[in-house]
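Each chain carries a letter (A, B and C) given by its place in the written order, and its residues are counted from 1.
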Amino acid sequence: MSAPATALQVTDLSVDIVSRKQRTEILRGVSVELPEGTMRGLVGETGSGKTMTARAVMGLLPPGGTITSGSITLGVQELIGLDNEQLNELRGPVMSMVFQNPRTALYPMHTVERQLGSIIEAHQDLRKAARRARAREYLALAGIPDPDRVARAYPHELSGGMAQRVVIAAALINEPAILIADEPTTGLDATVQRQILELLASLQSDLSLSVLMITHDLGIVAQYCDSLSVMHEGQVVEAGEKRQVLRQPAEPYTQQLIAASELSEVGHAKQAGSA
Amino acid sequence: MRVLTRPWFGLRGAAAGRGHGDHRLLNPALIAGIALIVMLVVGSFLVPALSSYGPRQPNPADALQGPSVSHLFGTDETGFDVFTRVWYAPRIDLTIAAAGVGLGLVIGVTLGVAAGFTRGLVGEFVLRIADIVQSFPVLILALALVALAGNDRTNVIWALAFVNAPIFLRLIRSRVLTIREQRFIEAAIALGNPTRRLLRKHVLPNALGPVVVQFGISMGYGIILLAGLAFLGVGIQVPTPEWGSMILIGRSNITTGQWWTAIFPGLFLAIAVFAFNLLSDGVEQAREVSR
Amino acid sequence: MRARRIAVLLLRRLLFMIPILFGVITVTFFVTRLAGGDPAYLIAGAFATPEVIAEIQAQIGTDKSIGQQYVNFLSGAVRLDFGEAIFTGNPVQDDLGARLPATIELVAFSLALGLILGVSSGVFAARRRGRKSDKTVNATSFSLLSLPDFWFGLILLYVFFFKLSWAPPPVGQLSANDPSPTDITGAAVLDSIITANPAALKAAVGHAALPVVTLGVLLAAPISRLTRSSMLEVLQADYMQFGQACGFPKSRLRRYGVRAALPPVVTLAGIIFSILIGGAVLVEVIFSWGGAAQYAATAIIQSDYPAIQAFVFVAGAISVFVFLIVDLLYVLIDPRVKL
């Protein structure tokens, strides 16, 4: 079996936040590999640098954020050093991102249809009618039962789960190969969380997406991801295949994470079963 | 729509979006504001005392002289020394504004507490009245009040109090309502804690900061307002060494080139307003730091 | 669906206007009537004989009981009949009607200038947050907040009329020897446009320039500050990041940002408009504008009781209507507003 090609490769990435007074190291030599057509979990607690890694990939570092070393490649394309216009060519059609809070990620002034139309327009040369049709098509793809009604709604009129489906539709509407999902279910009800994760998982396999799933929840990783990287204080402390890392964590920090999660019981049970 | 805070908009939230650099309670704005106010107050006693001209002493022989060594800011058409008068003016402008705004504060706070603690019709009624009073343009209301009540300083003070009271009323009432919502207050009320104690222990300390901020803003606008009235000949009358009436004297000279008669009083007027705006902004900043 | 709800809102608001206007009338009456004693004495002056005072009392109606006076004022206000102005001898409503367009023109142009300067400088400052240019804009707008409009107007007059002779003398909307448009509304610029009179338009714009700049520049300060803080909030919003993550070009992001930052500015603009109807008094006086505000100032100085009463009411009523319009505008431009 040949190793699958790499969709996204982050190598030795270091990021500082520079303000007038001080320089803070945010990421220190982070490497993450996302093989094509797989889902990788990027796990860590708040402030561990997982979101910052995603933002660096998307070219969306906050003000003062500077990449001091490392490389980010999509296939063969190096991203570091690209200017905003060049990155814009990639954002959407090549890589895309789903945000943590769907209610604030959607533009409040426009209807769903209109903003999806704008997102299509940024990358594809389609007439208005075609854009409308495509918007509805993707809303349906994101599991929205009545795309027509949702298309005409304003974001604040949608429930959290519905809004996240719209965000997912928006992220996928320009057919990216890579999707970064930044804690896509954190702000949602437990039942809705599950639906959204199932949706992402099925989209991932149907569209053969490569997904980087950022989460603090090892349960999500255990259930949906193929591999994972554990981040702690701006570094990747452990990475590997899901089964291997979850069953035989090498690092004490990973062991702590597992022990603290609900997985520990499940994990023990599984371990016991397979032993 | 409840944003009727009037022309001093924009000052609110002046501190918004500032960096986290400053962590001192005494910030530059606060210091500068206080320093300017002290300068004006001290100067209003010192300068006229040291000056060789009186603030109400006409000298027709020296009328409309440009700025010179003997008359630093020149003289106006009756030969008043502009420098002396401009420095004397804070005694009138600041006193009247402080009295008017202070009176408005006391009335507003009292009514605001009442409106906040008495749920039901009375509170609602007071609030509606305040609403309607606030929908009138401040300047027109003050002008009409002073013009009809009679041209004297007391009436200017009452007019200032009248236009400011609704602002303080709203401010205090919203504080009282916020505090009432809190659990421990509900418990305290349930336990029969007297209202006065609640006020002293919980409402007033919390409201002090915003009231001071609003006082600064209202002072700034109050000074402009009373000078504006005087400029129209309403309230304070012409030979009074007051900035607005000095600008009124100098107004006709502007188009014939004697700029100093109106420019210097206006400059001092602007400095005084600026000082209170700074004070207000400084207190707001300090509040943000201490939070 | 939303359109229907907006219509319902409008209807409800219009109905709600009735008690508010009633309140405005009442407050006007009590403020103007109870501020002093009988205005007849004020009008008559200190040396008037009792006969003269009685005559004036009969003319302005203060010989009746307070309750009767209130009912009279109320019924007059409802019919927009405020009696005769003592000074001009005309019905007050006619006097005000003839002069209000000039004031509204001045206020509208000033507000437009203030919005252009304020919004653009506020957006500019927010985009350069923390940099030198931001601080400059911030310091400028903060200082402008302290300038009295009547003084600022005099400075402009000195510089642009006396020193540079760029501006015409402060004699109103037009000088005596200017080509004047046919009087339709009483607002010179508007009349010149309606009657397609380019010579008059040029003169009218020239005369309007200084008063409009006076008010416009000062108004720009609060607008700029509000725009900046609103824009800062928007720039940090997730949807701007998401837009970027979707590959929106800069120009579209900019439009998104400004559009989302605008609703509070619209509210402020409405408040300013209503304040200025009366607040323009001082600037009108300086430039002898001849609008309703200057008329009111004259009325106030001459203790012209019916005229004062009418103007206070009109100014209050206009603000109430402007607030209504602003509320509706807000609903139209911000879909998040609950109906």
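Going forward, a contact is a pair of C-beta atoms (placed from the backbone, for glycine too) under 8 Å apart; a residue touches a chain by one contact, two chains touch by 3 or more.
Every value quoted in this text rests on a predicted model; they were computed, and no experiment measured them.
A.B. asks: Compared with subunit B, which chain's mean CA position is the farthest off?
C.D. replies: A
A.B. asks: Could you let me know which interface, A-C or B-C, is made of more C-beta pairs in contact?
C.D. replies: By number of C-beta pairs in contact, B-C is the larger.
A.B. asks: Provide the C-alpha centroid distance between subunit A and subunit B, rounded to the nearest whole angstrom.
C.D. replies: Whole-Å distance between the two chain centres: 54.
A.B. asks: Measure off the straight-line distance from the CA centroid of subunit B to the CA centroid of subunit C, and report it in whole Å.
C.D. replies: Subunit B and subunit C have C-alpha centres separated by 22 Å.
A.B. asks: With centres defined as the mean C-alpha position, give me the subunit A-subunit C separation in Å.
C.D. replies: 52
A.B. asks: What are the residue numbers in subunit C that touch two or more other chains?
C.D. replies: none
A.B. asks: In subunit B, which residues are in touch with two or more of the other chains?
C.D. replies: 19
A.B. asks: Within the complex, which stretch of subunit A touches subunit C?
C.D. replies: 58, 60, 84-85, 87-93, 96-97, 99, 101, 104-109, 111, 118-119, 122-123, 154, 156, 167, 170-171, 174
A.B. asks: Under the stated contact criterion, what part of subunit B meets subunit C in this complex?
C.D. replies: Touch residues, subunit B against subunit C: 1, 3-4, 6-11, 13-14, 16-17, 19, 128-129, 131-133, 135-141, 143-145, 147-150, 155, 220, 224, 227-228, 231-234, 247, 250-251, 254-257, 259, 262-263, 266, 269-271, 273-274, 277, 281.
A.B. asks: Quick one: which bits of subunit C touch subunit B in the complex? Just the residue numbers, please.
C.D. replies: Per the stated touch rule, the residues are 20, 23-24, 26-28, 31-32, 35-36, 39, 42, 126, 129-130, 141-143, 145-148, 150-152, 154-155, 157-158, 161-162, 169-170, 221-226, 228-229, 232, 267-268, 271-272, 274-279, 281-282, 285-286, 296-297, 300-301, 303, 305, 308, 311-312, 315-316, 319-320, 323, 326-327, 330.
A.B. asks: Under the definition above, what is the set of subunit C residues touching subunit A in their complex?
C.D. replies: So the residues of subunit C in touch with subunit A come to 237-239, 241-250, 252, 256, 259-260, 334-336.
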